[in-house]
């Protein structure tokens, strides 16, 4: 199979509310796969279930032929499926570089002993160099040693992407990375996403910004009231009557405005 | 702008200088003063340990005195009843305390906030109850006496001035280890856990594991502090490890500056010497002590060391 | 059998005291978000105020108790002003240590004021014994049970049956929303601390004749009250009552039938088990793991 991530009939309900209902997705390797939908459609819930932050109520998740259904968050991340958060969740007491290094935790020996006397140290130095390079690539070279709270919001989002990238993901899940960014920053983000795709990384992009999605996504799935109502190329999705209907109810005239 | 590690070498150099100068103290401090100083440095080891659990990982634990007690009693029992050499019983006490903390931490670290505080409080209270009542092994309220002092071949460490070097070395070594851990991925992960547990998990850190590591480290440091205390005092009794001491350890950490190794040591020394400085107050000293702590908590929430940092215009030393 | 009934009655009496203390703790925590580790010392102050008014001033017990409770009202207000205001909205651990420090201050101020020799306060019923179905029961224990449960009923009515109680609940649920609705939040806080003073004061007055009035009595009582509210449910009024009575019974029956040395250990073992298996307690709703 070409799909790196196969989601089969995944459901999540809170009490009687079905936030996600039997959603199936096949995310192709090396592509940008986007999940869109009106507010409250269950997109973030879907990501939270995929990445082990919420327990599922049904269905399976296979990542690279490995069953990751309801695996703990750090296991999912170590397996190569790494995410960012909608509102940006960084560690306020750490510097930018230190924030990024946390993402490499699973690449390092876990024992206290190795942290004190060596083995982990040289490896951490390697990763530190790598992390600085990543930050430089994302335009954050000068911010590496600042406390993360001192950065403007747009750059904080980039720090989160750097933290995800340093853990050597095979699939990067981005939960509304463009939220709160100005148009220049969105352009910059688009460049980053396209570069990552060119490097062979698979991206799962949950996004509200239709302009961005329509331009970068190779394939789009549309979710409304927790159910997948359409899937296809941007052109196919744009023309889908069910999609228009789902969005019209929320005041959208056309899916790409 | 806030810039962090550039300032670090300065802080490291300053810390090394302070440690080096501290070696000269026995030459100038008199008999009783050196005993208090030893106690302060032993407390500092326990507080640096607590800094892993609370200062970094944000685990509110009121069990530190209980773990100090575990270390003290294990080495006391092994070196008196079993007759082991202290050089052997101290490491066993440290490891044993670590094992006990894992057994306790595994179930209770699921709890958060004041639930965790109350569960660890329950452990500390239970420890004292067991120590008070298990007379055949732990000696009851009388405790265990005649614990042998440490000795090197030809150089018995029988007095407080000599013992100071043992304690100094232990503190220097444990501070260095703590610093290494702080700058490693484990230290980063501990701090991350306190800032945002969910994001930490999503960043590939096993949150349960890192909390357990922080908790076990705090207990291991406590166990060493307890063992050193036992061989200095040559006597242990349940009162030395009561819940109130756990509170004092936390107070030391917060007053010095939580999240900081230098702060841990500063807080320990100040709080240990405070009763001595206020001796003239007699029985009223605890009133002043409590009031002073409250004032520091209210007006200097980041601890006394934050004063120094302000002066140097830095965001944090030894962090 | 007779012994069992006596043990149960004294267990319930002690448990009723724990319930009062637990309620003081819960009231404060729910309304103000402060975990008050000086609750036990407040009990001790209540007890000693009654010692002063009855033994030292020689007042009859009725007026003596009322005067002591009036003193506790002042104490509650003072606690609000000196401790709560500055510690409000600080991190949990700062509040824990801050209230512990205040506890140390109170305890040692009490030591200076009343000395280290314990007092033996009188009961209004002396050493009287009531015969119930052949079991000789301490009149004071029955008095404690009746008074404690009357107070709890009164508190319940106050919180759920009066307009002020409704406002207090509003503040407890959402401070900012309550403020927007024009509720004097600070006045509700003062009231909460006064209630805490009254509850702990009553607990101190009632427990005095059962044990001794000792300046160090606060912590053991507070620890049992913690255990009680964890077993009952951290924010539940019925939970505090049931938890308190269970702890009182466990203490009395455990001491008589299992081991008097380990009776407290038993209580804390049960508390830790509850924290692990059912952190929301018997009556609590799903608040278990909230920070």
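Going by the order they are written in, the chains are A, B and C; count residues from 1 in each one.
Basically, a residue touches a chain if its C-beta (ideal position, glycine included) is under 8 Å from a C-beta of that chain, and two chains touch if they have at least 3 such contacts.
None of these values were measured; they are calculated from a predicted model.
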Least hop count linking chain A to chain C through chains in contact:
2
Note, CA centroid farthest from chain A's centroid sits on chain C
Using Cα averages as centroids, what's the distance between chain A and chain C in whole Å?
51
Report, in whole Å, the distance between the mean C-alpha point of chain B and the mean C-alpha point of chain C.
33
Suppose each chain is reduced to the average of its Cα coordinates; what separation in Å results between chain A and chain B?
41
How about chain C: which of its residues touch chain B in the complex?
35, 83, 86-87, 90, 92-94, 96-98, 100-105, 107-109, 111-112, 219, 223, 226-227, 230, 234, 261-262, 264-265, 268-269, 271-272, 275-276, 279, 288-291
Give every residue of chain A touching chain B within the complex, in rising order.
51-53, 72-74, 76-78, 82-83, 85, 89-95, 98-99, 101-106, 108, 110, 112, 115-117, 120-121, 124, 145-147, 150, 163-164, 167
Spell out the residues on chain B that touch chain A in their complex, using ranges where they run on.
1-6, 177, 180-181, 184-189, 191-192, 194-196, 198-207, 209, 213, 217, 259, 315, 319
Counting only contacts in the complex, chain B reaches chain C at residues 54, 60, 62, 107-108, 110-115, 117-119, 121-123, 125-126, 129-130, 132-133, 243, 247, 250-251, 254, 283-284, 286-287, 289-291, 293-294, 297-298, 301
